[in-house]
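This report refers to the structure that appears directly beneath it.
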Amino acid sequence: MHGWFPHVVRVRFAETDAQGIAHHASYLVWFEEARVALLAAVAGGYAAIRARGIEALTTGVEVTYERAAVFDDVLTVQVRCSEARGARFRYEYVVERDGERIATGSTRHATVDATTHRPVRVPDWLLGDLLNQSPRLGS
Amino acid sequence: MHGWFPHVVRVRFAETDAQGIAHHASYLVWFEEARVALLAAVAGGYAAIRARGIEALTTGVEVTYERAAVFDDVLTVQVRCSEARGARFRYEYVVERDGERIATGSTRHATVDATTHRPVRVPDWLLGDLLNQSPRLGS
Amino acid sequence: MHGWFPHVVRVRFAETDAQGIAHHASYLVWFEEARVALLAAVAGGYAAIRARGIEALTTGVEVTYERAAVFDDVLTVQVRCSEARGARFRYEYVVERDGERIATGSTRHATVDATTHRPVRVPDWLLGDLLNQSPRLGS
Amino acid sequence: MHGWFPHVVRVRFAETDAQGIAHHASYLVWFEEARVALLAAVAGGYAAIRARGIEALTTGVEVTYERAAVFDDVLTVQVRCSEARGARFRYEYVVERDGERIATGSTRHATVDATTHRPVRVPDWLLGDLLNQSPRLGS
């Protein structure tokens, strides 16, 4: 998917439930892992944010499940930062298995000062990096 | 809250993360525990559903986080079934701490035949029970 | 069980796995919840420890599983502090369902200064409280 | 480590706790992921076991924590099957970070018929494969 960053996860046995499928809360953990990987791929990324004493809080999540995932499935979580303004970020996700979409979602975040917990803008260069990742990350 | 079913959870240490707050995925687990408790309170509830060979899949979730929860916080998850038509359910949630709202959310579900995994209507009497729980459950 | 502190948990759906039983890692989370409850019941407990700038690290765990637990099972985790010397604690656990033992375990902990992370003795009065909890907590 | 199978995990944010370190229960999940990877590497592996209608239950675990792991740490879980007789398996684990050991552990398992839940021997060729993996898996 053009402009998206792909991150691969394999469904752990501990992530399944008694319905024999990956528990729906697991997707939020995969989303988080995918955006950490995206930030690591973007110059500076998460380390640069924390080095400035900034923390990113999660302010909202939303997932739509289309097909179940099962133990040992290899999934690709496509992620992109779809919006970043001031102290607010938004990421979108598409989960695929063998090229077929099985879930979509989004998460919203706010950056705050790690000490005062007040909203704080993230540096413009980082915002730019995140929103313009596609040309560099390709895919 | 009138017409809502209250379910109490205490934040586990394992549910916190390195930001010192309850991880955002934990709320989905509390929502699930709350709707299981609601179904148990409604005559027949979950047992009655399963006894008919019906499984309820989660098809969508959405959470908005307003205040962080921390270790050992006692939270009340208010839950109600806001919609139930044919094979589709929708629940709404409000998470409170000391009477203050800290998060809201909703989940969507579809009932399927446990064997064929085809959509299946839930019995009318159960739908009625869920939607009319308020007069009997009070609160 | 004489001298043990009982803590009740109900198996969450999210804690089950594709074998249809509670995942074996869940027991460590229940153990933790049980010892937090025990500490809360002992005067001062966890709050008193933290107020002194002390953190308790987990240095070892061990569980033996005898019977599987399934979704919605109501389990009693019996816990007691079986050893506490200097900066070291040890807890023992018995998990029961309807009076039948389904698992046993133990955890080891070390108390450290929250800032320096050096081992630090816990106050004698707390050690005494923990080890002598039985006369007061009864059961 | 000679005769051990290495499996790499990266500590997820969701796996950390309010002490700022990976929660101690996470290690059991990593152990499980490592032995699944080991079985996948051994001819037939897990798929071969399940195809015969056999399930492997976890009957015991034990972990000793020497150093804390933190968010984003890259850990190598070394695993080997140290014992396999009849219906019983035992695995050993060493968790390393940058070549330094931070934890060790072991898990015990029993194979049962997936339908009757009675103990059942695993095929000799698989036992042999597991115990003799070292020559082939090298490292």
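When the chains are written out, they are named A, B, C and D in that same order, and each has its own residue count from 1.
Note that in this section a residue touches a chain if its C-beta (ideal position, glycine included) is under 8 Å from a C-beta of that chain, and two chains touch if they have at least 3 such contacts.
Everything quoted here is computed from the prediction, not taken from an experiment.
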Centroid comparison with chain C (C-alpha atoms), farthest chain: A
Shared interface numbering between chain D and chain C [over half = same, under half = different]: same
Distance between chain centroids, defined by C-alpha means - chain B, chain D (Å): 35
Inter-chain centre distance, chain C versus chain D - centres from mean C-alpha coordinates, in Å: 25
Whole-Å gap between the CA centroids of chain B and chain C: 28
Residues of chain A engaged with two or more neighbouring chains: 13-14, 25, 28-29, 32
Residues of chain C that touch chain A when the two form their complex: 13-14, 16-18, 20-21, 23, 25, 70-71
Interface residues, chain A side, partner chain D - complex: 10, 12-14, 28-29, 32-33, 36, 46, 72
Chain B-facing residues of chain A, complex: 19, 24-26, 28-29, 32, 55, 57-65, 68
